[in-house]
Amino acid sequence: MLEIQELNFHYQYRRIIRQLSFQVKPGEILHIVGPNGCGKTTLMSILAGLRREHSGTITLRQTEGHILADRRTQVEYLPAEANALFGKMDAMRNLQFWMELRDHKPSVDAMREELARWDLDHPLIRENFPVERFSTGMKRRLALARVNLAQVSCWLLDEPLYGLDSRGIATFQDMLEKHQAGGGMALIVSHDTAPLQKFAIQTLDMKQEPSR
Amino acid sequence: MSSDSRQDKRLLISGILAFAFLAVAWLWGLRFAPSEEHMGEVYRIIYVHVPSAFTAFSSAGLLLVLSLLTLLRRSESASLWAKASAEVGLIFTIITLATGSIWGRPTWGVWWTWDARLTTTLILSLLYAGYLILYSSLAPGPQRDRIVAALGVIIALDVPVIYKSVTWWRTLHQPPSILREGGSSMAPEMLATLMLCLSASLLVGAWMLWLRVTNLRLQQQIDAYSYQAQND
Amino acid sequence: MRKSLMQYRALLVQSIHVEWANAERWLSPLLFAMTILILFAFAFGRVDEQFIPQLFIAATYLTAFFSLQIAFSRVLEPDMQDRVFDQMRSYPISPSAWFLSKFTLVLMLGVMILVPTLLLSHLFLNEGRNNLLSGSLFVIALIALLGLGSVGVLLSTMMLRSNAKQILYPLIYFPLTTPVLLAAVESSRAHLVEGASLENLLSSWLGLLVIFGIMYFTLSLLLFGELIKPD
């Protein structure tokens, strides 16, 4: 369970997040909405551990009562304008690296299975083909494959559907469904709401308050 | 508002006092203190040079303390003070280099020599300059505070080591021939004058520090107001 | 502990892969070193035999010093693209493993620059008259590399987000590493000209070099952790 209490964050003189509290239970999907510049991406980067909140508490429980000392072990973040892929490396090498950092033993079969899901398991695509030559949608699919392989309970997805075609969106829905069924949590920022309609989602509206 | 203007007045008055004290000390040193038997009148620049050098190196010590405070306590005001102390340090390092050069011309016959102290001071001035450039090249925020604080720690810890190694390098390399170091057996009157100048210089340094921190705070306030104006 | 080791290994392997994929990244400092050495050799022409060791030391260390700086300043460049660096910060990576992997990479790059520089400098300046290369000289150069490398990694982490790093990096790197350069040059000179052994040197310049290596390494290890924390 992810629990956020009275979170505050300001950048320079700009209050971006004020007294924000919410919680996400296992198996819940939280859709974060709000106008541009209301702090959706900032909230994501705080939860991912890139920025530090000015006050408030963030607790992630793996099981009831067991609070994680370092929530990053159970959080996978997908940023909005980037995929965090090494451009000169091929798809397999990229996946392997991020899995090893999580201390998962990367098996070639598991990675290929995941790539196949995203239509990237062609021998001319998965190996010896630098990711920098991928199209926008292919890069996004590879980044989403990494999210799924991370095997963590909490996903932070910032505009995950950016650049995906209808097949990619279907795969994403499928992946999210399995994650939810397995008791996983997901926080999603997306302006494209249609693909999320089929899920039972909670919505967090971050209306911009007059900043003072 | 009235407390701000009162603080302005305090700052102004203390500045006038500090500089007046410095003027008296310098006048005393440059005009009335006894002249030295070997170097004659030239030596008098010691009253400007040594205090400046001392202030410059004290700034490095201050930078260390403030940088550590920034890193360990995440104190925002400590990082402002650290930046101000680097600025004051740079000014006094430049004064030290300039007066040292002026002093060197008649005593050693050259404007510049790769003496240990000169080299160390030059390196310190480069490091201060680098620190300030790094500060201004980063986007404001806690991240910048932490990055420059890390650099501040390294710079301040490095200064004594650089000094030691440069001394060894020079002393092992060439005999200390014409480079007569300032006499340790100083006449008591001279020592008293030097101490006077030293305290004057430290006082002016402290005042500059205060001025700069006030300015930096003011800058922050202006930024905050202009941000508010945008949103009204 | 075991997890940190795994991460260290993963980070290092990945860094080596990236370097290998961009040959330009390690070739250009090497070519730079060669150019400088050729200029040195050409400018000095025939040199009196007794000055050769000193010239050899000066030319070698200066060349290595400059080309290492180029290599070090670029060591985090691949991590800056596509926000890889931030993604790593969002992963549960041990800061020490991260620093050590980059440090190891820098040492490998450093050796790849240092060894050819020593050999080429010997070839160009010495013209094969007497043998100046020895195991001890390599040891001295390696110890110097430890100090230079740790400062190198720390500074490139600091300047990751600075928009003036091309100018700033040398401006801060050179003053900070002057003592290392001095100690390395003095140790090598004492070794080559006066024939001092490493054990004897350990109580003077070489000792200083070792102390620098330890000091810079410890400082960089500690401060690196501070630099990657959440803002």
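Chains: A, B and C, in written order; residue numbering restarts at 1 for each.
Rule of thumb we're sticking to: a residue touches a chain if its C-beta (ideal position, glycine included) is under 8 Å from a C-beta of that chain, and two chains touch if they have at least 3 such contacts.
Only a predicted model underlies this, so the values are computations on that prediction, with no experimental measurement involved.
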Chain with the smallest distance from its CA centroid to the overall CA centroid? C
Quick one: which chain's Cα centre is the longest way from chain C's? A
A-B versus A-C: which has more C-beta pairs touching? A-C
Quick one: report the Å distance separating chain B from chain C, using the average Cα coordinate of each chain. 32
How big is the gap, in whole Å, between where the Cα atoms of chain A centre and where those of chain C centre? 38
Dist(centroid_CA(chain A), centroid_CA(chain B)) in Å evaluates to 49
Which chain A residues reach two or more other chains? 52
Among the residues of chain B, which are close enough to touch at least two other chains? 141-142
Contacts with two or more other chains, residues of chain C listed in rising order: 229, 231
Note which residues of chain B are touching chain C in the complex, please. 71, 123, 126-127, 129-131, 133-134, 137-139, 141-143, 146-147, 149-151, 153-155, 157-158, 161-162, 165-166, 168-169, 172
Per the contact definition, I'd like the list of chain C residues that touch chain B in the complex. 151, 154, 158-159, 161-165, 167-168, 171-172, 174-176, 178-179, 182-183, 186, 205, 208, 212, 215, 219, 223, 226-227, 229, 231
Per the contact definition, I'd like the list of chain A residues that touch chain B in the complex. 11-14, 52, 210-212
Show which residues of chain B lie in contact with chain A when the two form their complex. 140-142, 223-224, 227-228, 231
Write out the stretch or stretches of chain C touching chain A in their complex. 3, 6-7, 9-11, 13-14, 17-18, 21-22, 78, 81-84, 86-93, 229-231
